[in-house]
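Two complexes come next, and they have one chain in common, chain A, joined by chain B in the first and chain C in the second.
Then we have the complex of A and B:
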């Protein structure tokens, strides 16, 4: 029985420290604080060395002792280990010594970092005996739950607001998930989803499975460390919606240092938000340790969370690591997408545009010194948010089927380059 | 089909007149911080209120409130709170993610 929890010890309240058994539960009965998985680091230290990690297949599961499952993963075994790319051309454009792109635009199978959290949540859900999984989502999460559940033979319910774009719905429907479109204001829809999650004995990935789910984001951090030659990068720029990913990148660096996988070093975690939904960045810039809820209005839909559940903890991480937050307009987001595409050949979604544009801003303001090195977490693929950039990325040159016209066009182009 | 009928039978079980306990975070704007909103709520609606946590500054008031009552009464109480300019979030906060 003792082995049945793997390297996990308990769920623990982040507010009062009370411990709970490792079930599908996410909130402390006493103060409603969020629950978090605690591990047996003494045992992990013996089991998990650099050599062990490097001997395993290239997926996020090579760090499995630090992920909240009791047995081998059964869902999403191929997720993760996306490329970390040295972005010299982008670095030159932004005037900094060294930039690295952690490229989750090519994460498997649904092209966003959400496959990391979902594969953990579903693997754990299986261990706990669930056969039905669910989520409420406007995009990446829904796609990932639908796809991973299909591959694992789990029944999936996906709840969405009824005004969602067709393209995003197709990306969940195609996998055979039951997609429920709820009419109403965002807050009403949100409360109904909470009620449904409380009422049905399903694995609701970001509700009752949240403590396990959220831990999946750490894998992005572990991969960054390993791919940086087992070093903690001086600066990491992370997009923030709920703020969870940012806190988990920090946690991954801390755990790796504690286990001796990397040596302790000073580092800064910076947070990026769109100006149209920037509760965390506004609070950070004002030096506050709490945020005020906002109504989102931004093209970066994947970061449009007006009341971020982990906002408070994200602010704490930035304070502790001397990091900064900043936010950028829709136009700068599109420019960020173009900068990354033109310099590195990577087409990211709007959240990536936010991260790139905020990094540029932090470099220009000296928050990230130009003689340093920074890693940018690019979390989703540009094919998912085509609507946001259509009409903003240039135009085609049209000609008739005539060589003369084509050569005329080339000449005009050469003239404008030389001018 | 089986799942559909099951969901339906469960849904009738929990509709309007059934008791329900729900937990919410209330976020007060500055102008409401000094008013006795929860006292008023308890007098206007047949719901039991239970404050489980609170943090109040000049800028924002955050209260974690348990509401016990019939589902329809709880819903009406939430609508009234929202009319007072208070943001009402389930304890999970953002259940809808991107």
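Then we have the complex of A and C:
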């Protein structure tokens, strides 16, 4: 009996093209190349039109034919369709004609873009019969796996570096997941998880489920296109940890063009990293098509992956789209968080600060011309990384409950403004 | 030097499902050659035509990536453990 596979055809090695069945498997056994889902685009083209998409509820699942599940989603049905904000005040501050913020700081339910990938991975994991799920995470993914697994009644093990922000640790524990804190960098967590995944029959969302999981990121790109009036933005700035999101934004633009949902257009995908963990950015700036692994040291812990799995493909996408990478210091990351907060009222986490600060740099250097328009992918919420900004965003003014003291404070403030 | 090598799932067909293999080798490169002697065909899965470790394979000696050591020239001592791990994971 043939099992239903929806609009998926097979898993296929990106390197050698060998095909594999649609199981929990992420690596080609011949050259270790990554496996990717192959879709039946001819059938999708008939099933998925703009009208069909627009008739559906406002969630990431309005593009479900292009997401790798066989049946209707069973986990994270409400995820996605976050706002695309026209950021006029930030555009003025940075001296560019038009800026847009794709605001995944308010993604449901755990306030980061990771809910997109997790809802796909867990829905697929259930289709494949798994009851235990797991992940290697820099924080946001752990939160999302813990929350979505709880809601779906799945058992969850999440593995994180032990030095993560308090907010991200609590945000995993509260859902009842087993949180394993590893004394080491994310890359060491990841290595251990690859070994555990080989031994235990669990659905590791970003190991053996990675071909399905990673596709979830495309939904952010589809939403950007639809919310831009079915147009491909000229410039998109994307934070890079493993580099996966950047490659999937690119893929979403290509698929939408292939299916006739948008017109073909020239576009540039730019990548953003913290200087303290910038293997992809360093390679891009040097014109290399490979990267050198690094040991991370940055406040942008969600981007602290020194051996980025998709680094090679991220470099390829930037080359193909004439995009650029750049990286910024911890101080500039905090300034980026403040710029977005002060201009647009959006409090993003450190990865967002990286994206904003790199966008500013690319605009100032002319890589993004000032008469163009750019979309910034803001992937996580600032409430989760308070540790990184405490003491850097001003202090409260403390007074006794006395009108005289308050007026004294106002006067002092006016004096300093006029000085 | 007597060292252990952890074999990743995609290669276990070649090692007849053996997960942990004991071999004698003085360097990582020698370990790959020794693996090839024991399990013919395994070396080409790990090493590309130019003699480098394949793009999507990470190799660790005692939990340290060999790219932070001396790559294939990394020397081994008794009791060391080599892990071969698919690079495509995480993020």
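The rule is simple: the second predicted complex is superposed on the first by the 396 of 419 C-alpha atoms of A that agree within 3 Å, B and C clash if a C-alpha of one lies under 4 Å from a C-alpha of the other, contacts with A are read in each partner's own complex, and residues count from 1 in each chain.
One rule holds for everything that comes next: contacts are C-beta pairs under 8 Å (C-beta built on N, C-alpha and C of every residue); 3 or more make two chains touch, one makes a residue touch a chain.
Quick caveat, the model's predicted, so the values are computed rather than measured.
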Combined model on chain A where chain B meets chain C, clash or fit: clash
Partner chain in contact with A:226 - chain B first, chain C second, else both or neither: neither
Partner chain in contact with A:312 - chain B first, chain C second, else both or neither: second
Which superposed partner A:304 touches (first chain B, second chain C, both, neither): first
Which superposed partner A:155 touches (first chain B, second chain C, both, neither): first
First (chain B), second (chain C), both or neither touched by A:255: neither
Which superposed partner A:292 touches (first chain B, second chain C, both, neither): both
Touching partner for A:243 - first (chain B), second (chain C), both, neither: second
First, second, both or neither for A:187, with chain B first and chain C second: both
First (chain B), second (chain C), both or neither touched by A:215: neither
Chain A residues contacted in one complex by chain B, in the other by chain C: 26-27, 30-32, 136, 186-187, 189-191, 193-195, 197, 199, 206-207, 210, 241-242, 290, 292-293, 305, 307-309
Chain B partner contacts - residues on chain A that touch it in the complex: 26-27, 30-32, 132, 135-141, 155, 159, 161, 178, 186-187, 189-191, 193-195, 197, 199-200, 206-207, 210, 241-242, 288, 290, 292-293, 301-305, 307-309
Residue ranges of chain B touching chain A (in the complex, touch as defined): 3, 7, 10, 14, 22-23, 25, 27, 52-53, 55, 57, 59-60, 62, 64, 78, 82, 87-98
Partner chain A, residues of chain C touching it in the complex: 6, 8-11, 13, 19, 45, 54-58, 60, 63, 65, 67-68, 83, 85-91
Of chain A, residues touching chain C in the complex: 15, 26-34, 136, 186-191, 193-195, 197-199, 204, 206-207, 210, 241-244, 290, 292-293, 295, 305, 307-310, 312
